[in-house]
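Residue numbering begins at 1 within each chain, and the chains themselves are lettered A, B, C and D in the order written.
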């Protein structure tokens, strides 16, 4: 067999398809997160509360994101929030134009540290920062952030 | 690498913490990281706000199922807004985190660093965390042969047995010892009173590896507080000093080399010994935690570390030298075989154990003889990485 | 205290695809060039340690640290991986040398996105699995757009300003060495582009490139033995973001602010506008360099300063004067080293005109892409 | 007691099954270039040959090949054909498949140190491949008779070869 010092022709280069997958990952949400998701399943939007420094925050964690004490409490809120920032998806990842643009927003709540990133259903022309919104839950809920179908503007 | 006469700043460990090691924990990777960090800080008498740097480690993203997982779990160590980076040398990661932490503090860049390792293997639930290991091979050659993880360790174990004339019974003694040691460890997942018979009678997975030769799949996290000398003096009368660090990586062509002896580990150990001024490790190391994901690895690693003559670690084990009350206690924690194996966290657990042993705080696990100098070691990648840290009272 | 310096650089690729070479062969080419540039060092005897910056899901190999040593000449040597941006490797190497225990550390990083078939899913895998990922948005860059929107609205930066930045940067790239995507566009053409994820169009995202970069870092004392043409690393610092992006204020670049304070402190810089000659900034998404300009307080009025050309080649605050990631492409974790290579070449006088011959200090910046705001800054100086 | 003092919240298999979880089905696919060295190697396999590279400086032969010598850090472009024969340096008997399903009959796999005519190698560095071993029994493994056994590649018929490592079905023990 005789070879050039290097291969330049593309048809002499081998390529292989490969993957780095397993069937599925199953993620647990932690002691507070699990209770928070259970509340969502019941159609309730709650927030975590730190008993040490009083911070109320979303998403919930076992630790306070401000003072790092252990957190054990959830508290109910009205669910009314406002749009901190948003974006409208006009093209999907494959470069196809969306038949209906989708709005994704960061929603914050008065007096709550953090917030939720979620869909907002309204006319993309009307959406603006500061707009007040509330969650609309799905009928069939399973204990997921996706149990909220979307947020909608409060008239 | 120069010896430590060129290093100006001494580095101390002043606190350590662990989560439970369990097959499954409810907590998220962030929360596990937080628990271990919180416990280490509590021992050090510090709070998250006192920390200026976070150095973390974790094994493959394919366990937790989060791409760039260092960016994810670091929040639990209070990393947000602070210096943080994640190191990764496969199974060697756990001991490598404090190695990287050492130079961050020794350089003066960090004063009070949180050293943390996390692994959540249970997320890789379907079909099984072990399935992740299909992806550690050269994807174009070895992966095409459909290997499983145990193949490579069995290949190495069998080569070692053949070259050194070591029997399966000799090797099983390690599993028996470590699982028994772990009975005294509050975080242990796989502690048990078992016999050599039990190991030999357990299911053969890949001959010569039986089920009880292997450490379990685990969730867990571990943390240390590592600080500069002036800080250490302010917080404790009992700091433990980092006396030496070493690490070394062999070729990825693992089928092109001798597997009976870990040359890379000898080189890593020599680097650490040189820095710590150790010339005769068998005499100068008082207690050690070599990496034991499989029982034969403890023997293999003792030899690579120079804690036993080549092919003689099994003899020392038989003679009881490596028991907690022996002349050279090995894996008094219970090791990965007994405490569990959340990969990176398991390696850091070993460093924590040496820290507690040297402080005399290991409780029922405290070795009998007085200890001044201890060593922890981990190993990984395609049987090619050695990471070594030496601590001193 | 040992002063860390950049002693040599080498690279390969910076092309949309490099299918004739396996990534390890590309790294070998980059390493061979870097060692030669460093005065002909021998990796076996002259280098104390090696570090690679990479992420497994970009590689398609779990524990890709395994495959680091051979092509660097680093077999049976101290070698490790940082799962992060390559400037974090520079930070770690800098610290190793400052500790006094290491003299020469080689940093390697690479990206081969042309081999990734499922980029969308991989990006989504980098988001919080409980609170963000289940939204499964039709376009995963929408999360970056949330930040762009917040920043632009709050600072009243309009679409035209963003367009001006992009157009200028693509043109600057024509003078660079590693820029397959540099091109001539005008602002009108930019403004005609439709939004992909409002307020960003496809021109606001760097396309992908394959590349490998190797950099030799040494203590100044040892560097002198090999070459007198080295560039100092005066300071480097990294600041981590949070994966709970909602805990952060998306209107400003908090991480750059904190990192800059630290790096300016390390290097004694009082007035970055006067003291820093060139800025090499991450522009893999076009609003980011504008956020960085704001966070570094280089500009009171970004709209006006863009219009005035302050950030162009001839401006007083040149940003990416030979093109940034929009022109060279997104090389994943190697991005930080790509910025460093530009800065090194400018300071050595091997890239560009006499215009930059009096530049003393260059700031380089890289942020982890795509889902993290973790930021690393460094100051290189003559 | 607080959760952090307890060190976390263990879950049994049953509890894990029942508890609320999020699920991701990963989609991580790649198209990888074999590059210069492996492309020659695979082309060789397709033609029934095992090809390596040779370092003129240190004399080492790389199988699988590399276009660089990791020890001398020189560029390699000398190709050599090594024998499709060699001896076993270690072997094991696996009762589990790659997906960790139990096999009825154990599969024997090993590392084969390949012969290169006119050359000898130490046990520390040598051209070697991981592969299946056929013609050996479980007892050959357990008794360690398999060590140093001579083996020869059993090739797939040339029309079935695709240019990958499975063009070799296995390395077959040569009966003496």
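By definition in this document, contacts are C-beta pairs under 8 Å (C-beta built on N, C-alpha and C of every residue); 3 or more make two chains touch, one makes a residue touch a chain.
None of the values given here were measured: they were computed from a predicted structure.
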Looking at A-D and B-D, which one has the bigger number of contacting C-beta pairs? B-D
Centre-of-Cα separation between chain D and chain A, whole angstrom: 42
Centroid spacing, where centroids are CA-atom means, of chain B and chain D in whole angstrom: 27
Chain centres from averaged Cα atoms put chain B and chain C apart, in whole Å, by 33
Whole-Å distance, C-alpha centre of chain C to that of chain D, is 37
In chain D, residues with contacts to at least two other chains: 3-4, 9, 11, 16, 19, 22, 24, 26-36, 38, 66, 70, 164
Tell me, which residues of chain C touch at least two other chains? 19-20, 56-57, 60-62, 69-70, 74-75, 117, 122, 125, 128-130, 134, 242, 244, 247
Residues in chain B with touches to at least two other chains are numbered 24-28, 30, 34-35, 38, 62, 65, 75, 80, 122-123, 125, 127, 131-132, 135, 138-140, 251, 253, 263
In graph terms, nodes being chains and edges touches, is this line, ring, star, complete or other? complete
Chain B to chain D touching residues, read off their complex: 18-20, 22-27, 32, 34-35, 38-39, 65, 122, 125, 127-128, 130-131, 134, 138-142, 144-148, 150-151, 154-156, 158-159, 161-162, 186-187, 203-209, 219-220, 251, 253, 255-260, 263
Which of the residues in chain A come into contact with chain C in the complex? 7-8, 10, 13, 15, 17-20, 25, 27, 29, 33, 37, 57-59, 61, 65, 84-93, 98, 102, 104-106, 108, 113-119, 124, 129, 144-146
Considering only the defined contacts, which chain C positions touch chain A in the complex? 19-20, 56-57, 60-62, 117, 120, 128-132, 134-135, 137-143, 145-150, 153, 194-200, 202, 242, 244-247, 250-251
Chain C - residues contacting chain D, complex: 18-25, 28, 31-32, 35, 42-44, 57, 60, 69-71, 73-75, 115-118, 121-122, 125, 129-130, 133-134
Quick check on the complex: what are the chain A residues that touch chain D? 1, 3, 5-7, 12-29, 31, 34, 37-38, 41, 62, 70, 72, 142-144
